[in-house]
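So, here come the structures, one by one.
In the two assemblies presented below, chain A is common to both, partnered first by chain B and then by chain C.
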Partner chain A sequence: MPLAPEAVLERIRPIFRDVLDLPSFDVMPSDNASTVEGWDSLAHINLVTNIEQEFGIRFALGELAELKNVGEMIDLILKKLAQRP
Partner chain B sequence: MLNRGIEPVFYESDYNRFYEDAVVDAAKLVDFRPDLVYFCTSSQNLRGFPRLMASPDEIEADIRRELSPFRQAWEAICNTIPACTIIQNNFEPWPWRTLGNLEGGCAWGVSSFVNRLNAALGDECRSNPRLKIVDAHGLAADLGMQRWFSPAQWFSYKMAQTPEAAAYLANGVSALIAAVYGRSKKCLVLDLDNTLWGGVIGDDGLDRIQLGRETALAEAYTAFQLYCKGLRERGILLAVCSKNDEQNARLGFKHPDSVLRVEDFSSFRANWSPKNENIEAIARELNIGLDSLVFADDNPAERALVRSQLPQVAVPELGQDVSCFARILDEAGYFEPSALSSEDLERSQQYTENAVRRQAEGAFQNYGEYLASLEMEAEIQPFSPVYLDRIAQLTNKTNQFNLTTRRYTRAELEDFAARDECVTLYGRLSDRFGDNGLVTVVMGFIEGSAVEIDLWLMSCRVLKRDMELAMLDKLVETALERGAKKLVGRYIRSAKNDMVAEHYRNLGFRCVSSSPDGSETLWELALDELHYRPRSRYIKDHALGPRSSAGKN
Partner chain C sequence: MNEYRWEDLSPGMAAGFQTTITGQMLDTFGALSGDMNPLHTDESFARSRGFEGAVVHGLLVSALYSRLVGMHLPGRDCILHEIRVVFASPAYAGDELTVAGAVSHMNHAYRQLEIKGRIKRGSVLISRATIRVGMSG
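On to the complex of A and B.
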């Protein structure tokens, strides 16, 4: 059964808390690097690689650059999961 | 190949016989008229790694010696098969690095040696237009690089390592820094049963523990012992901590295939006390801190106990698969040297004084010279309990060099060994490239004044080594001791044993009868103590292992 966007959000929230070292932070679909404290370039690499690992997917070069916020990233994750064999 | 539009016809030489098939006995290969010959080898086939602290000249000699058989084989092919392209793969990295980061910094490390061999192969390739190198070293690294490097991460973030690789690299750097500050571990504390050998010495006895080259499991335990021996030779202390009777524990190291000896251990604790108490005693005895110890045990309960009682002791999660032990210890970087000390050097020099350097360069004038260069030593003895498993295995799987193809169970063979009217012999053969293990079996019954040979079989891996002559010499010697006047041999044709149809004729037997279709022949050799001259010229009979303890003789 395909995952719901909410389920993906639930699975990436602990990654954001861990990487940004914000124990009670609940990332929202509307968030992006400019709205979240500490989401700098190094944190970004850690977020991306942890998310790749969590879902067993790989983002292609350039795919992430076009995203505007976490909600769009969730959509991309869902698309990648659906494409998996 | 088919995907590339090429449909090959293959000729495959026997396992581990490229040299013989190309240089010594090339008729079949020449008849096949190959367009290409591929020499498929592996670092696992390398034998002569440089000793610790070897001089540059010695290392050069080691490289020449490793490449010499290949050079001769290439040359033979160039001379006998016109326009044949030769493909040779170079050597992949060794799967672990006993010297840690020092492998990259010293000339005698295994990694350096493999690199230099590959450079030498590259030189050969440039000077011989018919020789092509398959870059196995690079292909192996490709597989590792898929985990080490992500082009997308490089282009996006200039990350030269994936996060996984960055952690691995950090572990290597921290091991080196710990070594600089003298924090490397000094002593490996080893369990025995199912850690240094397969099985339980107290239950299974010396005959049944797994060590040697006869089974995959035995080979893996031997390889782990070799890894531990390598640590010992560069100055890491070894200690035993085993739940065993001391006598049983020591017995295990008397196994003929045990690489480690009781003398290799600086502390030996085999008793029934809890292991944490023994490990504390080992630290006191060796006068080193608990934090200098690494404890290796296949039993998760013992590991958990030591981890909880002695948190200073490093206890790697070894698992229970011996083939992974060396890699797990190695990757943890416990024994990282920052340099080898003068003490290590002394130890290594003692080691060299005992070791004999061997050279085998230049082409051989004839086959005898080649056989002589192999420096073969055989151990030919009556069946002994420690070898019965292997004897049964060989008896039941050998098809080609097998005169009668009679199959016997281990129990039957054990019974023959104990019977007075039976003559039993096994043969082990080692040469300068290593130990071939137990490779041949001969068994006969004394009937009146004759020894009737019931079994004569040999593993194909030692064909054309004159091992059958050495066996004949020993059989004649034994038969004469038992008062026999002749040997009677029988050949029974099977689907696969044509190669030995003339075995007895080649040994000088006379054919005395033959079935009408020739499928069974009977042969005799009269024995005369005064006139029998030993036939074997190139194999030294050397009792490497235990003398028979089979209850007779």
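On to the complex of A and C.
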């Protein structure tokens, strides 16, 4: 049964808290690097690594470059999960 | 020094080395860091606290992770991003330590390598670490 976007959001929230060192932060679908404290280029790389490990998926650079916010990241995660054999 | 390129690497790839911690290394690290806590400099004090002798600074032990990634895996093109270290057991001057690392994840989009590192004295785990590095080449 495919995951709902809300379920993906719940699984990536601890990753954002850990990588950004913001223990009470609840990332929202509308968030992006310009709206979140500490989301710099290195944090972004670590977010991607952690999300890949969490879901067992791999991103391509071109896919990531097109993302405008966390909601689009969630959509991409769901797309990757649906493509898995 | 190894000179692995991104294309040479794969999950599970491993590297390591052995080294002995000397009293002189403790003295030098104490001078460099300014950490002259008697736990590291006064053997009788350390014994009074339940240790077998002067305890090696945790960050001196951790410096071996720098050598692991900077010299061995991946070597020349390494750029250190992050280390998360757990100090599992104390190390002492004279200890012969085995430092080992293995690639646990490759973020191909941004070329970030994750390495699980372990430092042991014989079968005793001294430290474990998760190390993330980029590649300059």
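Definition applied: the second predicted complex is superposed on the first by the 85 of 85 C-alpha atoms of A that agree within 3 Å, B and C clash if a C-alpha of one lies under 4 Å from a C-alpha of the other, contacts with A are read in each partner's own complex, and residues count from 1 in each chain.
As a working rule, a contact is a pair of C-beta atoms (placed from the backbone, for glycine too) under 8 Å apart; a residue touches a chain by one contact, two chains touch by 3 or more.
Nothing here was measured: the structure is a model prediction, and the numbers come from that model.
When the two complexes are superposed, the chain touching more residues of chain A, out of chain B and chain C, is C. In the superposition on chain A, contact of A:D31 is made with neither chain B nor chain C.
Look at A:L61: by the touch rule set out above, it reaches both chain B and chain C. Contacts of A:D75 after superposition: neither chain B nor chain C is touched. By the touch criterion defined above, A:D18 lies against neither chain B nor chain C after alignment on the C-alpha atoms of chain A.
Residues common to the contacts of chain A with chain B and with chain C across the two structures: 45-46, 49, 58-61, 64.
Chain C makes touch with chain A in their complex at residues 81-82, 105, 107-110, 112, 114, 132, 134. Put simply, chain A touches chain C in their complex at residues 42, 44-46, 48-49, 52-53, 58-61, 63-64. Across the complex, chain A meets chain B through its residues 41, 45-46, 49, 58-61, 64.
Across the interface of their complex, chain A is touched by residues 151-153, 155-157, 159, 162-163 of chain B.
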